[in-house]
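Here come two complexes built around chain A, the first alongside chain B, the second alongside chain C.
What follows is the complex of A and B.
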C-alpha cells in the first residue's frame, strides 16, 4: 500500500486521488469492509425507500426492525426465544455433523464400508428432510426430540458427502510418503488422510451449519405453539397470524444475525485450522 | 549411510542364484526379469517386460526414457509401493514386498504435507520413528540447513518456490537415513535455471553422502550430468535398451557441463531414443501395410 506521506511533494489533487485509491485498495485487501459496505448499501436503499415512498405495513424499514429487536431484547423475550432455538440447533447440528463426518471418513477410507452406505445415502439424500417431521411427530409429537432428529438428518448429508469425497480424493503420493516413513495404517489415517481431507470436510460442515439454521426455523414453524419453547420460528409464524409484524421482523433479524455470526466464527476457526492448505489454494 | 563405498561388502556372503558375481560382492540392488502388466479396456498392457539390472552400492544410476516407458512404475516397484506381475527385486539379497525407510522416495511434485510447516514436515518421519519432539525438530533443522533451507523452518510449503519445496522434500527423505534414494523426476516441474542449481546441489549432497541413487528423468543432459551410469528405457513394452557407464570425472560441477564428452553422450542417447521412436512408428504402421498381420 502506498501512502501519500512518503511521496515527495504530491500535487494536491494527485494526493487526493492517491488517498482515495489507497482507501479502495485497503478495502479490497481486507474482505470484511466490502461485505459490510454491501450490507450498508442495501439497508440504506431499503430505509430510504421506506421513508420517502413508503412500504406496506407488513414490511418494516431496517431502523424499525432494529427498534423492535431492541425492545424485544430488553424485555428478555427475544433472548428466551433465541436460547430455545439455539439449543435445538446445536443439538441437531452436533449429532448430524458428527455422525456425518465420522461415517463419511470411514466410508472414504474403507471401500467396502463406503459401498455399504452408498445405497441408503443416495436414496434418502434427495428426500426433502422436512417431510420427516410430520412422520416423526406421529411418535414423538412436535417436540424437541422430533425437531432435533430432523435438523440432525439435514446436517448429516452435506457433512457425510463432503467428508467422503474429501477422503477419497486424498493424493495417493501423500499416503506413500507416510508408508515410506514406516507409518502404520492408523497413524496414516489420523495424521495424513484426515488433515488432507480437512478443507473439503470443513466446507461440508459449513453447509451443514447453514442447513441447521434453515431447519431450526422450519421445524419450529410447523406445529408449534407460541410458548417459550416456540423458538424464533414459532414466534415468527405466530406473529404473522396476529399481525405483529414488528415481532415477525425482529425474529427474522435475530436468525440472520445469529446465522451470520455463526458462519463468520466458523470460517475464522476453519481458516486457522487449515492455514497451510488455504495458502496452497491462494486464499491465505 | 555408508560413506566408504569403495570397500567391497565382505560381511555378507552371496547366497542364491547370482553365482556369476565375484565372491562377496553382491550388488546392493538386484532386479531380475521384472514384469508389470495390467489390463485396460480388455487389452493387456506391458508397462514393464523382462527388466533386469544390478545396482552396486553407492552408484548414481540415471534411468532415462520417454514418458510412458514404465520408468516411474519401475521406481514404484523398487520402492514397494506397487507390485510386479513377475520377476523380483532384491535389496541386499532380500525380496522387496513393501515400502521401507531403507528406500527413500522422492516424487516429481514435492509431496510435503501442506498443513504442516517445513520443519514439521521434515520432523514427521522422526516422530513416526518414536523420537522425542524436540530431538526431531533439532534434527529437522540440521537437515534443512544441509539443503540450504535455514530460515524457512516456520514457512508453510505453499509459501515456498518449487525448488525450495523439492529441497525440503529431499531433506525429509534424507531424514529416513535410506540406503537408496529413489527419485522420480524430482526436478521435472522446475524451471530450467532452478533445475540446474538443484542438479549441482544434488551432486554435492550425493558425493558427501555416498548414497545409492536411482534417478528417473526424461532429460538426457540431466541423466548424464548426474549419473555414474545411464539406463535407457524404451516404451511398449517398457524395457531396457541401453546400459552405459558415464566416464566423466568427479566431483562434477559447472565445468562438467562444458565437457565435450557431455555433447557426445547427448548425441548418443538422443540417437538411441530417436531410433526407438522410429521403430515404434514402423511397428504401429505394420499391420496396415502388411495384410498378413505380423506382430501379436
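What follows is the complex of A and C.
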C-alpha cells in the first residue's frame, strides 16, 4: 500500500482540532480502526433495530446469534458438524493443492512435461468444477470420497496454474548466475528457482484455500443428508427448511469464523515463509 | 482471485508458440484414456465420448437445453450486471476517498475467504424462492473481483493526471469519464475476467440446490434418472460456455483497451 505514503501533515492549529485530526489520521493510517468502527456501527444498528422495532423471526440479532452459537457449541452439536466439515475440507485441500503445486512446479521446470499437461488443464479449467459432483455421485454416491474428490479438483487449478506461472516467470538472469557459479541443475532448481517461485505459489495456495471453503459448503449443500455427516453446509440448508433459525445463524457464524481464521492463519504462516519477498499477488 | 485467469492465459500463451502439438497431444491423451476406460468398462456408468456428443445433440433437438440455458444465463447475467455497476462504483470510491478505502478494504479482505454461498438460505428467507436470491448471490460473489479490480486500476491514476484534468477545467464527471475510467479499464476487465467463471459456478450451484429449471437442475435431474451421459452433456455445455465467455472478455479487452496491446491480460 504505497498511496498513503505521500500526504501533507495537518497544519498546527488549535490543540483540540489538532488532536481530533490526528485521531482521524491515526485511524486512516492503520485502516482497520475505520473498518472496525463501521462494522461495530452496523452491528449495533442491527441489534438496536431488532430490540426496538423487531425483525422478522428468521433474522436473528447479533446477540441472539452469539447465544445460539454458544449453546450449540456447549451441546457439542456445532463442534461435531464443524469437525466433519473440516475433515473433508482438509483432505480435499491437501490432496488438491499438493498435487497442483507439485505438477505445477514440475511443468514449470520441464517445458516438455508442462506442454503435455497444459492441454488437459486448459480443457478442464473452464468447466465449473462443482458440476463434477453429480457425475462422481453416480459412481460413488453423495459420500465423503465424492465430496473430497470435488474439493481436491477445485483446489488443484489455482495451485497448479500459479505454481506453473511462478516457475516460468523466474528471472532468467538468476538462473544464469547460479549456473555460472557452478551450481548443477538440481541445485539451481532447489536453491534458486523454488525460492523465487515461492511467493506466487503461496498466493495460488491461498486462492485454493478460499475455494476449498466454498466447495466444502457447496458439496454439503447439494444432495446432503441431515445425519451426523451433514456438516455445516448440510445443516444450514436443512435448518432453513425446518425453520430452526438459531441453528441456521449459528452454522453461518461458524462458517464465517472458520473461513476467516483459516485465511488469517495461512497468511501469517505464508508471511513467515516468504520473509523479505513481496506477497503481492495473494492480496484478496 | 483476480489474477487467476490472467495466470491461466499467460501460462497458456507461454506454452503456445512452438509446442502446440504437444499440448494437443496432452488433450488427445486425456480423451483417449477416457474413451478406453469407457469402452472397456462397458457399463452405462461411464459413457463414451460419442455417446456424450449424441446426448448433447439430442438435448438441443428437444429444446430442453435451450430452455434451461436461457433461464440460467438470464439470471447469471442479471447478477453480473449488478456486480459490475456496484463493484465499479465501490472500486472507484475506494480509490478516490481515503475514508472509503480505510473502511472497505479491510472488510473486503476479511470477508473474501468466507463462502458467500452460506448466505443463500438467508437470501431465500428474505426474498423467497425464485430468481431474486440467485441474482443477489451471483452479484454478491462477482462483486469482489469487480470492486478489487476497479480499485487497483483506479488507484493507478496519478496526481499529475488529476491536476491536469482540473487545470483544464474538467468537472468531476468529465474527470471520471475521461481520466479515471480509461486508466482503470484494463484492471476492471481483469476483474470481469475473474468474475465470469465465478458467475457460472454460483448460478449452477444455486440451481443444483432445489430448483426445477436451469442447467443446474438439468444436471441433478439426469443424475436422479441415473443418466451419466445426460450429466456429462450438461458439463460439456457448461465448459463450452465458460470457455466462450473467457474468449469474449479477452476480445472485449483487445477492442476496448486497444492502447495496451501486448500487455498481459
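Here is the rule we use: the second predicted complex is superposed on the first by the 233 of 284 C-alpha atoms of A that agree within 3 Å, B and C clash if a C-alpha of one lies under 4 Å from a C-alpha of the other, contacts with A are read in each partner's own complex, and residues count from 1 in each chain.
Keep in mind that, in the parts below, contacts are C-beta pairs under 8 Å (C-beta built on N, C-alpha and C of every residue); 3 or more make two chains touch, one makes a residue touch a chain.
Not measured: the values here are computed from a predicted model.
Of the two partner chains placed around the shared chain by superposition, chain B is the only one that A:177 touches, whereas chain C remains out of contact. Touched residues of chain A were counted for both chain B and chain C, and C has more of them. When the two structures are aligned on the shared chain, A:198 is found in touch with chain B, with no touch to chain C.
Of the two partner chains, neither chain B nor chain C is touched by A:92.
In the superposition on chain A, A:39 makes contact with chain C only, while chain B stays out of contact range.
Once the two complexes are overlaid on the shared chain, A:234 sits clear of chain B and of chain C alike. Once the two complexes are overlaid on the shared chain, A:100 sits clear of chain B and of chain C alike.
On chain A, the surface patch touched by chain B in one complex and by chain C in the other comprises residues 284.
On the side of chain C, the complex with chain A involves touching residues 1, 3-4, 7-8, 10-12, 14-15, 19, 22-30, 45, 98-99, 101-115, 117-122, 124-126, 144, 148, 155, 197, 200-201, 204-205, 208-209, 219-220, 222-223, 226, 228, 231-232, 234-235, 238-240, 242-243, 246. By the touch criterion given at the top, residues 79-81, 98-101, 103-105, 107, 109, 111, 113-117, 124-125, 128-129, 156-159, 172-173, 176 of chain B touch chain A in their complex. Within the complex, the chain A residues that touch chain C are 3-4, 27-28, 31-32, 34-39, 56, 58-59, 111-112, 114-120, 122-135, 137-139, 158, 161-162, 164-165, 168, 203-204, 207, 209-210, 213-214, 216-218, 221-223, 233, 236-237, 239-240, 248, 251-252, 255-256, 259-260, 262-263, 281, 283-284. Of all residues in chain A, only 171, 173-174, 176-183, 187, 191-192, 195-196, 198, 274-277, 279-280, 284 touch chain B in the complex they form.
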